[in-house]
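Scrolling down, you'll hit the structures one after another.
Two complexes are shown next, each including chain A; its partner changes from chain B in the first to chain C in the second.
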Partner chain A sequence: MKQIGDSTMPPELPPAEALNALVSIAIMRAEMLEDAHEPAQVGAWREVLQLETRLAEITSAASPPGGVARAGAVDAALKSRQFERASRLRQEYFEDAQLPKARREEISSMIKNYALARERQFPALAAKGALDAVLSQVSNWRAQMSEGRGIFPVAA
Partner chain B sequence: MSGKRVVALDLDFEAPGLHEKLGDRALLQHALKGELLGAVDLLRRIVQSSSNESETRVELSDVVSEIPVRAANEGKLLLIPAGAAPSKTYWNRLARLQGAVKVAAPGEGLAEAVLELQARIARDLTPHYLLIDARTGITELGGLATSLLADHVVCMTTNSPESVRGIEVVASALREAPRLKGRSVLKLSFVLSRVEAVGGESVKEIAARLAKDIAVLPHDSGVATAEYLYGAVAPNDAQTAERDDAANRLFPATLDWIAKTFPNHSAAAQAARRRMESVENAWSFMTRSTQSSRGWSSSRSHWASERLNRSVRVLVNASGSEWREADIVAYDTRFDPRTSKVLMVVEYVEAEDSDDVARWWLRNSDAKVVVVFRKDGERKMYSAANKWSNTINASARRDIPMPEDFDGLSDPTDVSPEILVEAVQRGHEYFLDRLVRQWSEASRRSLHGGAPWRPSVAKKILDGLASVGHVGTARHILWATALVSPRRQGSFFENGRGDIEQVRAELFAPLVWRLPPKASIEALRESRRGMREHHEDSGTSFLNHFSQETLGLRYEPDSFFRRTISRPELATNLRAARDDDEVTDIWAVSRTLRFTELSFGFDEGDPPYFSVSEEMDRDEAKPKPSLRSQLGEVMRQGRLTTLGWLSAYEATSGRVSLCESAIKICAERLSIQERHLGSVVMMHTTLLGLAHVGRDLDGKLWGDFALPQVDSHFVGASSSLVTLVQVFTHRQLLKLNDTALLHAFERLSEIQAPAYRGWKALRSMPLEDARQWFMCVRRGLGTNTPWMMKLEESLLDVAEPSSPESRRLI
Partner chain C sequence: MNLDIEQLETQHPLLVATPIRYVEMARIALLRAKHASPTKAAVRCDDLSSAVTLTWDTSAMKTLPQAVDQIRVTEDAAEAIALAFVHTHAAWRIDRRCRRGEYADWLLRSPNGKRYAALEISGIADESASLMQTRLEEKSRQVGRSLAAPEKLAIVVGFAGVSIFVRTL
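Entry: the complex of A and B
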């Protein structure tokens, strides 16, 4: 078995233990940034999301670490303000029949609470019944603007 | 507003100012104190609401203010300011918003918050239009507002090269910018503003680069120094004065552009334009403090903007079911809602009946005057006929009354000559210019046409002005009718120079003789100041006209001076002299010729004949008689002379002076008014002076004719000359048609020396004969004319044969 630090170990798939350690550190860092209201918190949660999804890939949905990793991935996606990604992850994880009911409820609750929070934040947009669609369009608009299709990248 | 609900949103966070242009004084005070909430506060609340970190619970209703607009339009203008700019609080809040946006992630950023704000406005305020003030340039909010929120972007730019290049880049980017799903294609309009030369080549070139149908708005210097908004916050006096012409071009250009840009509302825009133009013109007319005429600027009567208010709504009942809104209201003092009284209401109506509008205002407000403008350009003015009745007076007056009208007239809409004359007689000199214009209009008739001739009106004005006894007011009357200053000439020039000459000849000239001599003499003196300032000497002009008309002599001292120094022999000497000497020589000539110029004044001391009463002086034992007793004695003996007792003429200096004390005593004894006697004496002595310094057709003075100095009881003007001057005086008084002056002349001549009474025998003498006789006397060719013989016979008839005095004509 390859060891951490072994130059022959494929970098794309660290062992679960190593990923667990890394994700713990990443979560700790993201929470610290969040407490300090630092803009960098979004990037930090994105990093957590990357680690959690890797961890979910190498762990079974039925196992406790696998369930935690999946719930953590969805949580990190929401905290990094990637609602669509979180929705896609939920759909993907829910297709796995081994995912325990408790985890399913946890993930559903996360997404539901987040959606409720967004509706509270954007009540007028939500009242039109197309909050997700609008935010998605804005996200696309922002992406296009960031790519330099206009002269207003700063607005994105 | 065209019946529409419009929300104006200020997203120009770096330079917020929409609330300063649209808001009232209270709103501005609120902003200055840092208490005004706006878009900055609401956006921060939206951005932070997910994290529960928002310090304030700001809602949309907290940041919206309704801006009063014309009620008749049934529209609504709601303002969402940027915030409490320019207070320090605003900039702190803006910094916090920017911090919150940095913390917020994509999905909770400014773009989403701005869309949420737009959605809340649509849901809660339901506007027909959302007007966003944003930077056209490349800023975060500018980009959001123009590319994400807007359906129609109006890009405003100046015609400076860098601005035009910048707007080209922005326009190109906007055309390529992605749009949210369901949004229509972005419409782009361009407005080139503050353009000095609207039709210039550079403007055409810019239009070709940006868009074919680019709108061009002319430059308004008033905006360059201090911005203002039509129909909102009233501009102050200085701005009003500065911007008249530019505003007249900018305003219609702006409204034309609005009508063209929003074709669906073209009719409404045109109606709005008519209203705003009417009101703006009225406001400009009312507040303009200066006027220009022939390159001269002068102050004019105007309303201080503090005494005016715009868009004032008057409710009749508490429920507010019956109300009207005035476009302009004028108050008796600087506006104070508790103490100010309404003087005048100005309202524009599209189609309502003017009489009904006026009746409503006069019934439901304290306004003395109501001015109604109509769509068809009609302007009507009304006043209350009776405070307790429902009747109204419709006035023929067309210009909006000024504060002085309310001070001087019981009914400011009644500017009939009788009313104005009465006001002037009470000391309200403000109305003089209007009266002079009315006189001119009533008198403007020639062989070739003119305004309707109303001689009775003209006479009424002349007689009314002539009856003024107050010297200060009389002085103002003479200044107003002399028409020396360009300001006064301005309104007459449109009808040509002839009107000015007519006023001077037929109004000013009679008034010089008919008003109190103290005022007339001052006016003749002041005319020299007018000569220096405006190259117009109304006094010399008046005397020349008077001299030619009566004596047939010209009185043109300056013209003669110029002819003299240009005579060949003198001109050669002057050319030979150095430049400095030339000036000196000219001054020397002017000094020698100055005696040919008349000057006027009063002598406060005793008259010349009183001071040389040597017979009285010889007997030292007797107490010296007073002027009163000596004058009484002279009058009793019928030996009173005008020259010597009541006036003096210094032949060496050309000075005509009136002896004030003697005139006063004489007037008392004759039971006539001092001013009337003074006028008669002044006319007689002036004619004597003109007989001396006037020039005949050959330009000759006849130097031997110079009158001797009046310093002796026995030396004075010849009896022939005195009689002739009396004849001329009588003719002039007849022409003036002033019974008071004629009465004074006749009463005076009754107690005067025979030569002064001779005019009665010569009443039928043709003026041409009198002049011929006068010229003979002047040239020393003798007095043996048929008229002289007739005169001597008549005088001998009236004199007592036993009296030695009767043989003395003077």
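Entry: the complex of A and C
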């Protein structure tokens, strides 16, 4: 398998095309890890999220690549377990009048389905209305752990 | 028309960077089906039938590698041939990979950069005409749901006889 940063990476690509190449690689990698049920898929989707949000910044919401990037960013936020980020991105993207109706419906549906799945997974927390707060704490803890430099997680 | 698989990464520079070696997968799938370069491939593009000549570097792979995922080979090789077809036939290029939820594998861009198409691809190792047609219907329905682009394309590649079925939507 080729590696990111190989000497075979095309050096002459302009910024948008370089981002397209990087997001393509990142999606392939994340989907491979997802198929293998690897926990590393969460980090891989986080990388997809970063690239999709950058692509969303440089593309029109009305254009095909702009729609793909915006829906991709929300999807990657959910797959990297960042529900609040996904909700914020939806709000941001929906402020753009150029975003087509079908894309709005798709993004809303992604978030709604994720929220329903989460409520089914944690019914007691959902009933108490504590789901967002607890999962946000867990998500923050995960992010801190993944940013740590040590080999082993630090004991709480 | 000649489809030179070895030109794939020149036709679609983005593929150089991807973790999948598409050209190699095409060589494996064609060798596995006991084809030698050049090989005629039957093309059915919507209602039109034609033929193309597939060429590749046979010296680059003379024996089949043992440890390969056969389904993966078929799918990746189909992508290689389909992508070579869209470029050779219409000079369209890959813009980017689509995530699974887009109901398409690739977003393509026209030569003038003004048109986009969603492309969904599938491969069949041991095809029959009816199996090709059934798969093409499935893939057309799938890409028909895609919001990625207003124009949509489904391509199914069979390797036993080498056939390329294309549907534009």
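By our rule, the second predicted complex is superposed on the first by the 120 of 156 C-alpha atoms of A that agree within 3 Å, B and C clash if a C-alpha of one lies under 4 Å from a C-alpha of the other, contacts with A are read in each partner's own complex, and residues count from 1 in each chain.
In this section, a contact is a pair of C-beta atoms (placed from the backbone, for glycine too) under 8 Å apart; a residue touches a chain by one contact, two chains touch by 3 or more.
Just so it is clear, the structure is predicted and the values come from calculations on it, not from any experiment.
Peer 1: Is A:42 touching anything from chain B or chain C once the two structures are fitted on A? First, second, both or neither.
Peer 2: Only chain B is touched by A:42; chain C is not.
Peer 1: Which partner chains sit in contact with A:23 here, chain B, chain C, both or neither? Use first/second/both/neither.
Peer 2: second
Peer 1: Name the contact category of A:106: first (chain B only), second (chain C only), both, or neither.
Peer 2: second
Peer 1: Which partner does A:31 reach: the first (chain B), the second (chain C), both, or neither?
Peer 2: Only chain C is touched by A:31; chain B is not.
Peer 1: On the A-aligned overlay, A:68 touches which partner chain: chain B = first, chain C = second, or both, or neither?
Peer 2: So A:68 only meets chain C here.
Peer 1: Is A:142 in contact with chain B, with chain C, with both, or with neither (first, second, both, neither)?
Peer 2: A:142 contacts chain B only, not chain C.
Peer 1: Once chain A of both complexes is superposed, is A:115 in touch with chain B (first), chain C (second), both, or neither?
Peer 2: In the superposition, A:115 contacts neither chain B nor chain C.
Peer 1: Considering only the touch criterion stated at the top, classify A:125 as touching first (chain B), second (chain C), both, or neither.
Peer 2: first
Peer 1: Write out the stretch or stretches of chain A touching chain C in their complex.
Peer 2: It comes out as residues 1-4, 6, 8-10, 13, 17, 20-25, 27-29, 31-32, 48, 63-65, 67-68, 71-72, 75-76, 100, 102-103, 106, 110.
Peer 1: Which positions of chain B touch chain A when the two form their complex?
Peer 2: Touch list, chain B to chain A: 46, 49-50, 53, 102-103, 105-112, 115-116, 119-120, 122-124, 138-144, 146-148, 169-170, 173-174, 176-178, 180-181.
Peer 1: Show which residues of chain C lie in contact with chain A when the two form their complex.
Peer 2: On the chain C side, the touching residues are 13-14, 16-21, 94-102, 107, 116, 118, 147-150.
Peer 1: Which chain A residues qualify as touching chain B in the complex?
Peer 2: Within the complex, chain A contacts chain B at residues 37-39, 41-42, 80-83, 117-118, 120-125, 127-128, 133-135, 137-142, 144-145, 149-152, 154-156.
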